[in-house]
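Input: a single structure, listed below in structure tokens.
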Amino acid sequence: MAGKIKKIAVFTSGGDSPGMNAAIRSVVRTCAYLKVECLAIYRGYQGMIEGDFVPMDARSVNNIINKGGTILKSARCDEFRTKEGRQKAYDQLVAADVDAFVVIGGDGSFRGAQIFNEEFGFPVMGIPGTIDNDIFGTRFTLGFDTALNTVVEAIDKIRDTASSHNRLFFVEVMGRDVGHIALNAGVGAGAEEVLIPELDLGLERLLESLKRSKKSGKSSSIVVVAEGDKTGKNVFELKEYVESHLPIYDVRVSVLGHMQRGGSPSCFDRVLASRMGVKAVETLLEGKSNLMVGIIDNEIVLTPISEAIKGHTKIDHELIRVSDIMTT
Amino acid sequence: MAGKIKKIAVFTSGGDSPGMNAAIRSVVRTCAYLKVECLAIYRGYQGMIEGDFVPMDARSVNNIINKGGTILKSARCDEFRTKEGRQKAYDQLVAADVDAFVVIGGDGSFRGAQIFNEEFGFPVMGIPGTIDNDIFGTRFTLGFDTALNTVVEAIDKIRDTASSHNRLFFVEVMGRDVGHIALNAGVGAGAEEVLIPELDLGLERLLESLKRSKKSGKSSSIVVVAEGDKTGKNVFELKEYVESHLPIYDVRVSVLGHMQRGGSPSCFDRVLASRMGVKAVETLLEGKSNLMVGIIDNEIVLTPISEAIKGHTKIDHELIRVSDIMTT
Amino acid sequence: MAGKIKKIAVFTSGGDSPGMNAAIRSVVRTCAYLKVECLAIYRGYQGMIEGDFVPMDARSVNNIINKGGTILKSARCDEFRTKEGRQKAYDQLVAADVDAFVVIGGDGSFRGAQIFNEEFGFPVMGIPGTIDNDIFGTRFTLGFDTALNTVVEAIDKIRDTASSHNRLFFVEVMGRDVGHIALNAGVGAGAEEVLIPELDLGLERLLESLKRSKKSGKSSSIVVVAEGDKTGKNVFELKEYVESHLPIYDVRVSVLGHMQRGGSPSCFDRVLASRMGVKAVETLLEGKSNLMVGIIDNEIVLTPISEAIKGHTKIDHELIRVSDIMTT
Amino acid sequence: MAGKIKKIAVFTSGGDSPGMNAAIRSVVRTCAYLKVECLAIYRGYQGMIEGDFVPMDARSVNNIINKGGTILKSARCDEFRTKEGRQKAYDQLVAADVDAFVVIGGDGSFRGAQIFNEEFGFPVMGIPGTIDNDIFGTRFTLGFDTALNTVVEAIDKIRDTASSHNRLFFVEVMGRDVGHIALNAGVGAGAEEVLIPELDLGLERLLESLKRSKKSGKSSSIVVVAEGDKTGKNVFELKEYVESHLPIYDVRVSVLGHMQRGGSPSCFDRVLASRMGVKAVETLLEGKSNLMVGIIDNEIVLTPISEAIKGHTKIDHELIRVSDIMTT
């Protein structure tokens, strides 16, 4: 673990998110700028175990800052959960003279990095890449801002047809454990109600809200529902529930699905990725390790990975209140 | 119903499609230009029966050419299927001094217009507004081009995440009876296979195609499926089928849904709508009736509504061949 | 001007920015929610002087959250710079029983509000709406985020053609006095160099950078230039300068212009507008005045308008460093 | 040059346009499908002279269908205008066993191909790739549809700010010799007036039209001007002219520039490119040559290159009439 860092590896892991390519580019270019060698690992921990490595220079990452997905691919890897798998991965890194790595991914990926660091004393740095914005230690994860724009643009289109037909739509968005996408996109899309995992408002409240909305003269209604919504009903069941209790409503369902993960990153995510990549490499070269790069109050900050994966993000209760007021 | 036409009504009916507002604008402005009065009917035939009318002048349609949906709303109307309902509608039109109407919609809406014309000798003109492109007598219906762009943009996003994870996606697009959206968007999005109502290629062929695709080294696969696909399986069943027969594939499903109906119309649809509206009004003023405005070889043409609703559009077999070649 | 606030006016002033409509909607809906009357003033201070007022209820702002521009229009108003003009405006407000107003605009608009407050003791609140992000007391002004996305999307398109022809483009973006758009969009678009009003890097540095870029094997180059760039040359002069000093470069120019002010707001700007509107109204109802609503570290905060217009935003020097590293 | 065709080269030439990559992909994949070898030539005729060739297989063109620009680059080439240059090019092709080529470009590129074919009897096929839509023998050139969407989206944004300030904008779009983009995008964007190279309407008519527009109560005006407009004034001069004659107008200018050439192609352009590529390769294999692939009435057709470059496209006078009516 001692010694100067001369070669850094970078890879993406877990679900992909817009901005990952911009982060890869930033890590690679910062290495080039600081005259450190850089190596890409394909397919995350799986590729690490298999030694699926490619050397990178500044030109290897031309024209990717605006591309969705990850050019390094991502994959699940059960083998890395075993001691043997991690040993193989370590041997591959050592054989390739890699002195440290930067992992771009979510908390599952960070957990792997932390164990790896503990077992082998190998320097690791994390960049939070996930659309869910559920990582402690950063106000924004890479991809969250882009996903919000993707969702509101889709709901804007749905609103066109909803209001042409005076319909109610339940729109399911991503977020199995957290409602950040649902809440922000719900406010941004002017949704009448937002159902999130953090809060069970109860189905009666939904009916009341819809009755009030109808009475107030609204021509259409959008209810945004996070995958992991607490009412215990999925969007199709919600549709049936409302149709049976409020037959006046013509209800439709839309599940936005995986398109939320793709697309060209927003300017915000590109800038964030560029800043995070620089900080990740520079921090490793300062001899630090086991940290995650985050952004708080527009400043790049560092959090121990151990805290990032243990802490919990909280839903913004003030924004829930704003959402309620907006549906007046 | 002889005599000069001094007042024309316009309305939208059936499922909405991008470009309907541009067509409304064109009808209204052409009336203003030719110094004919114009009246808008809200909520299609339902509003006609209820006399839900608003006078329109050139300024009433400012800033709507780029808006999705229909500012005049649309609605189903069972009452118009009865003789009594149509009589009420006729009485309302007469009471409002309306001499003719332009209906923007699909074949169901045209059928209503034709019966109305037969029963009351009331001059009617049709503008084909539907994303499905399934109207005989026109190469393009209003909204088809926009819907194709919406679909390929969504699939481009899905492709980002599909290729990051080497996954197979079944993407369901609109088209209960016709596969025009699926085939064109499939070719446009670089889909590996397209499943459409007009053709049952069989599930074996799909498996063969996917095996070949994997062997050829493709990193991801998109299969576009029209709602009314002939294999007899919906996208969720297709996922299960493929997973059980080709376990090598990691399969996901995405149902694009109603966002396909909305959104700002493409330039093509805006121009088409503008041209069609002019022709519809001018044709009525020439004393003609019961015709649909269409576009063939970039020329605006007229087809008897009776033929438009009886004729069938055909899937483009040459394009199916192109699709096959492209998946090499 | 003691006493309870029962009626609040809202208007937009100065250059428009995406998100202004979302802010109007938020002010109007919050008034409705809190059972305070709300009045819209058209065309900013000019409309205030002329009494161009319209009462607003919750339904008046349906379907505007996603619209660019401002439904209340904006206008310059020299008359409001005079004591007589402001007296007329005050009389109009009093005649209409308005107890306070919320102004959405930039620092010029805030200056007007502050003088008005000083002269008549009239309660005023400011919401920072400008794409330039040059208001002290808030990390983000309304419209900045959307403008950044508009700029990077335009430069992405320019990059397509630049790299097809191995060309160099000078792209001028808005920012007469500040380089926030140029710097952020420059990093986001992967620009080779960013020229801003805050910093005169000198023309030699530009030539050096371009030479290095060519030598490093880059196929195309984008230089983003803020309107108020300090080199003393506009983009057309820069083109000539580079062509005469580096004839190897095939140079083109693009001035993005006013499209940067328009377009549907990003989700970020919509949420920000919604939050700011609520805070503005609630703060007035608490009896406070002469404050601007801002956002710092994701919290809504208040700053005295006097400070907001006197303070200066600073360019992010760390981001300039990131920009340099990224062009390796 | 008798004998069976076993190897086909493909390249792009002249100004780039969206859809070129989709056409390259189609040529390459069709070759693979028909078991013909395929070779890419970089940088057009320049690369042909220099032997800048790369063999292509079906996988070489993965994930490019949705990319703007051209992965094969494009370049001007004065050397190819000389007999010596063309001889070098021919020698390079012969040395690489190339039996025929497909050129994707505009009429300048076709002229080169035709001379080359005449001099060496070398089989050539053309695919019309240019945003200008000025090629005889096809209703649509590759990229025209995408460019129209880019222009109307930009003008939609400009309209937001224009109507917020009741301003008049002159928007310059591409089209040095032809007004197809200006006319279609003008109608699509709801422009008040369209100035094109094919028609000199005179400056008085413009003033009349603007006066009428103001009187009719329009809140903003957009005038779309093709680069090669016949009034003899560029947009900046037009601004001055109108400001001096109609001081009531607050006039601004926007030059859309090169962003019109870039961007992800529309579905229409992707499908068109796919169809054209198949036809180009199949036609060469049938032993034909010196033809351009076009689309007329939705059918793929062939035109002798000699006619394609001699014939002239005509402006659609009916659409000019529609444009006039729409500005009522």
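Order of writing sets the chain letters: A, B, C and D. Residues in each chain are counted from 1.
By our rule, a residue touches a chain if its C-beta (ideal position, glycine included) is under 8 Å from a C-beta of that chain, and two chains touch if they have at least 3 such contacts.
Which chain is which protein? Per UniProt: A, B, C, D = ATP-dependent 6-phosphofructokinase.
Remember, predicted model here, so these are calculated numbers, not experimental data.
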{"item": "Labels of chains that are neighbours to subunit A and to subunit C", "value": "none"}
{"item": "Distance-maximising chain from subunit D - centres being C-alpha averages", "value": "A"}
{"item": "Interchain centroid distance [CA atoms averaged], subunit C/subunit D, Å", "value": "36"}
{"item": "Whole-Å separation of chain centres (CA-atom averages), subunit B against subunit C", "value": "39"}
{"item": "Residues of subunit D engaged with two or more neighbouring chains", "value": "156, 159, 163, 219"}
{"item": "Touch-based graph of the chains, sorted into line, ring, star, complete or other", "value": "ring"}
{"item": "Subunit D-touching residues of subunit C, taken from the complex the two chains share", "value": "12, 15-16, 18, 20, 67-70, 73-75, 150, 154, 156-166, 169, 219, 252-255, 257-263"}
{"item": "Subunit B - residues contacting subunit D, complex", "value": "25-26, 29-30, 32-33, 58-59, 62-63, 65-66, 139, 145, 148-149, 151-153, 156, 159, 163, 184-185, 187-190, 216-219, 264, 266-268, 270-271, 274-275, 278, 296-298, 300, 318-319, 321-322, 325-328"}
